[in-house]
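Just dropping this structure here.
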Amino acid sequence: MTRNGASVHPTSVVSPDAELGRSVTVGPFCVVHARVVVGDGSFVDSHTILGAPTAGFYDDPATYVPEPCRIGAGAVVRSHTVIYAGVEIGERFECGHRVTIREGTRIGEAVRVGTNSDLQGNSTIGRYARLHSNVFVAQGSTVEEFVWLLPNVFLANDPHPPSDTCTIGPTIRRFAVISAGASVFPAVEIGEGALVGAMALVRHDVPAHSVVVGVPGKVVGSTADVVCHDGRLDRVYPWWTHYRRGYPEGVLPLVDEPTAESEPTQ
Amino acid sequence: MTRNGASVHPTSVVSPDAELGRSVTVGPFCVVHARVVVGDGSFVDSHTILGAPTAGFYDDPATYVPEPCRIGAGAVVRSHTVIYAGVEIGERFECGHRVTIREGTRIGEAVRVGTNSDLQGNSTIGRYARLHSNVFVAQGSTVEEFVWLLPNVFLANDPHPPSDTCTIGPTIRRFAVISAGASVFPAVEIGEGALVGAMALVRHDVPAHSVVVGVPGKVVGSTADVVCHDGRLDRVYPWWTHYRRGYPEGVLPLVDEPTAESEPTQ
Amino acid sequence: MTRNGASVHPTSVVSPDAELGRSVTVGPFCVVHARVVVGDGSFVDSHTILGAPTAGFYDDPATYVPEPCRIGAGAVVRSHTVIYAGVEIGERFECGHRVTIREGTRIGEAVRVGTNSDLQGNSTIGRYARLHSNVFVAQGSTVEEFVWLLPNVFLANDPHPPSDTCTIGPTIRRFAVISAGASVFPAVEIGEGALVGAMALVRHDVPAHSVVVGVPGKVVGSTADVVCHDGRLDRVYPWWTHYRRGYPEGVLPLVDEPTAESEPTQ
């Protein structure tokens, strides 16, 4: 089936009130709800749901009116993913399989989200942020541009569960790196360019460009002191001095910029 | 397609031996096997499997006879969920996306299970228990009423893997709270109203109303001593003194009941 | 629909260039791409994707040519699983729900992979290895025969993320057991028959038959010294002295072989 230049697999269920851009491909067994907008040239893989209904639908389907779900041009949405109504995603989004993105999530351009990740909504993800597999982003989190969240990272938002006293998740400042399996407590701020070690449990704010490890997490130094054990790198951090794969020219700070570490040119 | 007052999407594959109650909605691309019973007014979202076959089916499909799978009235089963034959679920069940519930699980009324959670079967989940995202419940676990299991909680059942010596999971007594990422070892009992901290590893029984943190987990005090750091709560625990959202009137202990902490009125 | 002796549900989308062996069963709502080969007697459950396209497809669908995806005879592939083009799997494979297996993964005979596990590709999994639920295997990992990876085990491959300096994951030698929630750092070797404790963080090589626990992980003794606390086992390790369930006769070392521990007869 083609529709406005989009190619929709005949098995898929697409609302007449969804807008599919030019050259969009929708694979088999998808459900695309009303008020979904998918930008030109995007791929929506099989078994995916776009514009999934929020809780209000189950309370009263007859009166439920969905918020829009907008996905920018050039997206790759892999299979079994669920993106809710009330989500805004910039251009060139890419995600793995079985990602969940709930209402109130605002995602900048060129963000990547890995397989099985679970974004609980009401959060902001900055441009070029990269979330790996099975990352959990609690409601009310802020993830700035160029942040890395490695697999199994957990951003929390309730300091004494269950409660309604804190609906604010952590803030991860730009260029920071949270290593695999680390958890960040509610309202904690991870400073710009900071590094959190694998499986660390971070309960307090972390200064910019510092390194935190352990349970509970402790600041053990500066990212400038991190050494590459196998000697293959002269300088490990800031990471963009050696790692620029997948970033367009000009988007990362210049490698030979003398003030790059403390004042990224973005 | 309508069937006995149920609304079944025409793409779904529903056994003639399944029983769908009045006003049940079955979304697209579902598989509902024989001997499934879904109570009145339930929503079964797309890409869901109810009554999934147990291991015996693959050994010999010709002679396999499924156990019943019963889901009470008023359920919301979100997309890509798999509920096996041999599962019993009470009324007003609600679950996130991609939940797995295997055979031999018995679930009380008004239980909630979060996205990606994996219940391995032969376990009991008490009424009003709330399991968040990506919770793992090993076979032989007991989770009593009003328990909270936060995201990534892990309940184990094998003390020296791989073995057959212990098929008993932990017992989590009523009103207890297990914080995000915590693990509880086989056969360990978490006492009534106890609090386990985030990412703790609990290897020994925990007394009622005590607080355990760390790896390995150690008792560090009583829930009565937990202080709200931002001052927004006079008293953090017992949690129902300030948090009652989603519980019907009368189901939680009275807040001003003087003996509420030690003797909940349930 | 039958095809070459295979039984394919009429809702499924199967490429004419896929080869399904005799008595293969393909459930509803599956997508089977070109160059997929499924061995005789296999079950492919509903909502599954075989031969999923690699990144090159999204760059240029017109010129994309998939690598083969070969699954040996007697497989049970449970629902919502995604197996990529460029994967080779031996006979009698069995997996849980929603498993992801990316390109470049080579899997030996009789391997089991649990629900929600995420194999990132370019890795080798030896015969009879057993991976439980939600295991993450980074690119470049080696898991030898008869290894056990318990739930939530994480195998990492980047020592200072993000980087391209290390694309080598850990090597887990045969008969080793990694307990639930443990993480193993890049390029680390876990010796034959070693035991890693629950939630340990292993940063350095582990000698054969030793026990590592904690964060960071430390060697605390030999597997020969592990005692069964409830007295139900005379000897806990090597595990095959008491646990042989699901292994065919003759495939594990003899229990009464005096040199079984140091020199398995495989």
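Chains here go by letter, A, B and C, matching the order in which they are written, and residues are numbered from 1 within each.
What we mean here is this: a residue touches a chain if its C-beta (ideal position, glycine included) is under 8 Å from a C-beta of that chain, and two chains touch if they have at least 3 such contacts.
As the structure is a prediction and not an experimental result, all values here were calculated from the model.
Q: By the document's touch definition, which label belongs to this structure's chain graph: line, ring, star, complete, or other?
A: Complete.
Q: Give the rotation angle, in degrees and rounded to the nearest 5, that superposes the C-alpha atoms of subunit B onto those of its identical copy subunit C.
A: Roughly 120 degrees of rotation.
Q: Approximately how many whole Å separate the CA-defined centres of subunit A and subunit B?
A: 27
Q: Which residue numbers or ranges of subunit A touch two or more of the other chains?
A: Residue numbers touching two or more other chains: 11, 29, 47, 80, 98, 116, 134, 152, 199, 215.
Q: In the complex formed with subunit C, which residues of subunit B make contact?
A: The touching residues are 11, 13, 29, 31, 47, 49, 52, 58, 61, 80, 82, 98, 100, 116, 118, 120, 134, 136, 154, 156, 158-166, 183, 185, 199, 201, 215.
Q: Which residues, counting only subunit A, touch subunit C once they are in their complex?
A: 9, 11, 25, 27-29, 43, 46-47, 76, 79-80, 96-98, 115-116, 130, 133-134, 148, 150-152, 177, 179-181, 198-199, 214-215, 226, 228-230, 232-233, 236-237, 239, 242-243, 245
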